[in-house]
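After this come two complexes, each holding subunit A, first together with subunit B and then together with subunit C.
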Partner chain A sequence: MQILRRMIARLAATAVTLVGVAVIVFVVIRVVPGNPIAMMLPPGATDADIQRLQELYGLDKSIPEQFLIWAGGVLQGDFGTSISLRQPVSELVLGRLPATLELSVMALVIAVALGGAMALTATLYRGTRVEGAIDVTGGMALSVPDFLWGLVLILLFGVLWPLFHISGRVSPSLGFEFQSNFYLWESFVRLRFDVWADIVAHMFMPALALAIPLAAIISQLLKQSLKETMHLDYVTLARTKGYSETSIITREALPNAILPTLTLVGVQFTFLIGGTVIVERLFSYEGLGNMAIDAVINRDLPLIQGIVILFALIFTVVNLVVDMTYAALNPRLRHA
Partner chain B sequence: MSFLSIQDLTVRLRGKTPILRRVSIDVAAGEVRALVGESGAGKSMIGKSVLGTLPQALGITGGRIILDGEDLEQLSPRARRQRIGAKVALIPQDPLTALNPSRRVGPQITNRLVDILGWSRKAAEARALELLNEVHIPDPARVMRAYPHELSGGMRQRILIASAFAAEPKLIIADEPTTALDVTVQKQILRLIAEMQQRHGTALLFVTHDLGVVSKVCQTMSVLYSGMVVEDTKVRDFFASPGHPYSAALLVATPKYTDPDGSLTPVPEAVIRAVEEEVAAFDRRQEGAA
Partner chain C sequence: MKLTRRTLLQSTAASVALAGASLPSFAAGIEELVIAYNVNLPSWDPTVGPSAVNPTIQGIYQSVFDLFIPQNPDLSFGSGILTGYGWNEDKTKIWMDVREGVTWHNGDPLTPEDVAWSLERAGNPETGNPIQFIWGKIGNYAIEGNRVTADVLAYEPTIFKWMSFLTGYILPKTYYESVGADGFESAPVGTGPYIVEKFERNAFVRLKANENYWGGAPEFKSVTIKFVTDAASRVAEVESGNAHVTLEMPYEEFDRLKEKSGIMGTAAPVSDIGMIFINDVDVMKDANVRMAMAHAIDKQLIIDRLLSGYGVAIDTLQTPDYSAYDASIKVAYDPEKAKELLAASGYGPDNPVKFTIQTTRGFKPKDYEIIQAIVGLWRRVGIEAEIEVYEIAKHYELRAADTLAPAAFYNWGNSIGDPTTSTGFAMFGPSPHSVWDGEDLMQKILPLWGEADEAKRIDGWKEVDRFIAANALVIPLLQYVQPILHSDQIKVVPHASGALLPHLMTRA
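After this line comes the complex of A and B, so read on.
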């Protein structure tokens, strides 16, 4: 019951957040310089042409008026029409969302696997050179941001040893007809593992670039809390029962040490999703982030709004999921 | 032949500062031996040396630990762990921290039986229920499903005692198993440990500050000072005539059972100086030999 009440409170807070984000973005992109209509018209268009299009897109009205019109549409599921692409924003944005979700989730999986493995190995070999080496590696991983890792990876595995694709989402030469935009998922479910492998080869490097800094954060935090947990009495007691060091770490220490890491991973995952904007651009990956940059360049106001709202929605959903997982994993919270 | 025979055990801090100084302690099958001494004397480190849970900074630098005829330090780490898991159990000091907070109680009792000793889950659960009954826990089936934070300190210590006896170990090491509990609960737990020990015939190495407890529960005792065994005797003889001046002072220093709040006579300066001198002489001999 307590949990239910907390969730309702959270949902209300989420709604307020989204409205706030919508207002701020709406105003900001209208007060910064740059006219979307002027950008889409060929040079030599008359003032009358501009005027006519301004009216068509409702840009001649005052900002509060524009907002009310836009908000009225949103409530009916209409996010307006993209100025540069001339398609409904909701269609465009939802079409790109799967690409970004697949990339982010893959990056998260890589980060958790890599960071978790580093933390567990460092704990198993604590006080030895192995732990030192892992610490140094983690420090390096953290001191370089994701998009620079992207460049490094392009140079290494795109140019020097071309093991992976560095551009796009899937090889067109495969001629595979997708029925959804969840390419990775769809090819897997339809058992087309050749296509699946091709998609992974496209996604792996951008995902890895996004994952490296997060892996380092996970590794450091998890190692720290594992180390603290390893001294606790119940861990020592388990040791006297005859368990190996590895099972002590994974069975006794890990479930308790993982909680603080989990909260942080939630927050950091939203940063990672933010990182997709530049990394997608870098790898010409057709996701939301790439589209966002185009939208900004073209001053495509409705599209920018749609993308930002969607990002805000993703962030709040991620936080909600983390909270619920935390409650589910912690028996003390569950009964409180 | 003793079940546990610690011979000349030396433990040092980072290979230098001695923490245990050639400690020799024997525990026969079914024997209840007390390990007494002031705080910091090294009582817990003796237990940890046997169990293989010494802090990382400490290491065994000399001596032998013979368990059931096997020299533990000669075994592979894996074999050592398995011998300890099968033959020895620990009743820890603080029941509030000795249970895993994210696990239900049941699996924490049965896990050694299932994972280490290869029992079936069913048999292990039946055994756990039986043991929880033995330690007088009402509604054991419900307790098995509870999380530790739902139970009182006394309940948790009963569970840990049940867990220690579950695999019928030959030796139980109890490291001040009542000091973390309420005074009223202390007596019950103490009586329970004595009762369980007698029923199962388990040897017990009982670490305590409390000579009153020693006189009630134990048959033999080792008195420790600064990591050195200064006296190894029968409990009856100790109370009749302690063999070492430090032991004698300790006996006077301990409040009487009949008058627990009575005045505490501190160990006299002269006795401390004498025993410190013994320790220093021991260290000089060790260095001379090295």
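After this line comes the complex of A and C, so read on.
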């Protein structure tokens, strides 16, 4: 009941957040310099031509009027039409979302695996050179931004040892007709492992570039939590019972130490999705982030709005899910 | 098939090996040409929307669609879908002869109706063609045999040149009307050398050769154009062998990679220039200041030092391959003269004239660095310019509103090489792209728009350019050189318009 009440409250807050984001984005992108009409003016355009284009894209009206028209459309599921791509915004944005989600989830999986392994190893070898080496590696991973990791990976695994694809999401020559935009998932479900492997070969470098800094954060936090847990009584008891150190860490300490990390992973996942903007561009990965950059360059106002609203929705939903999961896993919160 | 853990692992291992093996290689004979392109293709209709006036993607459009009149790599005009064209004697009508035996990619025959419909559609303000102001100057089309005629509603001396330029593409009337704009967007049909096989927005377009192309089937039967917008990634694509051709990378990278085994470099001037707009506000109303600015810039030094020599210094808005280019118009690098001019207006190194210069950063090769260098050269003679960096979108907005800073760096493309589309639109006050509003210049340009005598028209524009140079109403800097890196197994023919055209590529 408590969880349900919390969920309803959070959903209400989510709705308010989205409306706030919509208003702010709508106003801001219209007052910042850069007019989409000015960008498409032909050389000999007259004032009448400019007026005609402004009317065509609804930019001749005041900002409040434009907002009301847009909001009215949104309530009916119509987010407008992209100026540069001349397609419905909702279609474009939802078409790209799966690519970004798959990339983000893959990055998260890599980050959790890498970070978790580093934390467990460092805990197992605490106080030794191994822990020191892991700490140094983690520091390096964290201090270099994801797009620079991307460039390093391109150089290493794209040029020097060309093991992975540098750009795109799938090989053009593959000739596989996808039924959905969840390429990775679909190829796996349809047991087309050649296609699946091709997609992984495209996603691996951008996902790893996104994952490396997050892995370092996970490693540091989890290691710290594990170290604190290792001093607790029940761990000492397990040790006196003769359990191996590995077993103590993974079976006794980890379940309790993981809760703070779980919260962090949830919060960081939203940042990770935000980080896809530059990484997707670098790897020419056809996700939301890559499209967002084009939209900003072209001052494609309806598309920018659509993308930002979707990002905001993802952020709030992920945070909601994290909160609920945390509450479900933590008995103190569940029974509060 | 029963899926077990073992079979899953085996399949995955085999798949990874397969995916690795699918990477293209320079060593193998090139069957499928892969091009790493520098921009995305937003839309397949080359006649409407912002992408229609984006010069960078015209190469892709020209692979699929035919221009009314094709342009040769040296910018001269060829014979294409229109095999002949011209005016009647009093220039009240135009005529166009349509090539026979041409088929659309869907097998339909191209007809004169397609040509008339394409022109009529382009001239209709409701279709959103950004060049409607040109196409609307002809109308009342009539067809007789394979000849299309039209009335001249307003005389436009460059109408046929525009048929080789932005939005000058022929689209299929019957097909377009049957599938509509959305249907055309998802399955475009042209008469060009390549047929669209598969298109993934922001990712790639896969083209197959049009074996029935009227100009002869292209050599590469399959072409994949990958959209790789990041220059570092594009370079890596070619360096790793993932792509066979790419363009637009830093000149230092170009010089480094063209020396590598298996990679060649082609660099040729294109119809794109760098210039400094001068807005007639504040100190820019002082001719001495403007002329001092122009004389204080050592363009060749900038090209050599910042662009590794890749550029052609220019003194008018015409490049050597434009029809109104006049080699006799020169603005010499003369810092002493610049000092004298400034002194005449009471300025000097101890009392510098001050203004703001705007520039993009990273939009064109070394744009910011070029302006930094110019500001340094200016400082020596008594000009103190403050650099303001802006996005290209802001430049367009400010320029359209005539509120650019006193000086602003920009680039200008003009692949048809006509003076109206360079000096004309950049310097004619009422144009939304001009920020110089001087009445005297406007009066010089005004009669040239409708001048029917071609020789007189071109001479007139040369005179305008001479006047502009003498008064430093704009500061032309350089003609850009386009760097192209490609496999040594491919011969690339650069096109002076800057369009990278796969049908001009052959096996070396």
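Here is the rule we use: the second predicted complex is superposed on the first by the 334 of 336 C-alpha atoms of A that agree within 3 Å, B and C clash if a C-alpha of one lies under 4 Å from a C-alpha of the other, contacts with A are read in each partner's own complex, and residues count from 1 in each chain.
Rule of thumb we're sticking to: a residue touches a chain if its C-beta (ideal position, glycine included) is under 8 Å from a C-beta of that chain, and two chains touch if they have at least 3 such contacts.
It should be emphasised that the depicted structure is a prediction, and the values quoted were computed from it without experimental measurement.
In the superposed model, A:62 makes contact with neither subunit B nor subunit C. Of the two partner chains placed by superposition, only subunit B is touched by A:127; subunit C is not.
Once the two complexes are overlaid on the shared chain, A:180 sits clear of subunit B and of subunit C alike. Once the two structures are superposed, subunit B and subunit C can be ranked by residues of subunit A touched, with C on top. Judged by the touch definition given at the top, the superposed model places A:252 against subunit B, while subunit C stays out of reach.
Contacts of A:242 after superposition: subunit B is touched, whereas subunit C is not reached. By the touch criterion stated above, A:234 is placed in contact with subunit B alone, subunit C being left untouched.
On subunit A, the positions that touch subunit C within their shared complex are 33-46, 49-50, 52-53, 56, 83-87, 151, 154-155, 158-159, 162-163, 165-173, 191, 193-194, 196-198, 200-201, 281-284, 286, 290-291, 293-294, 297-299.
Put simply, subunit A touches subunit B in their complex at residues 127, 232-234, 236-244, 247, 252, 255-256, 329-332, 335.
The touching residues of subunit C, counted against subunit A in their complex, run 1, 3, 8, 11-12, 14-16, 18-20, 22-23, 32, 36, 40, 42-43, 45, 48-51, 53, 125, 128, 130-134, 166, 181-182, 185, 198, 200-204, 206, 224, 226-230, 232-233, 236-237, 239-242, 390-394, 396-401, 421, 424-425, 430-433. Subunit B meets subunit A in the complex at residues 51-53, 56, 78, 81-82, 84-86, 88-90, 92-94, 97-103, 111-112, 115-116, 147, 149-150, 160.
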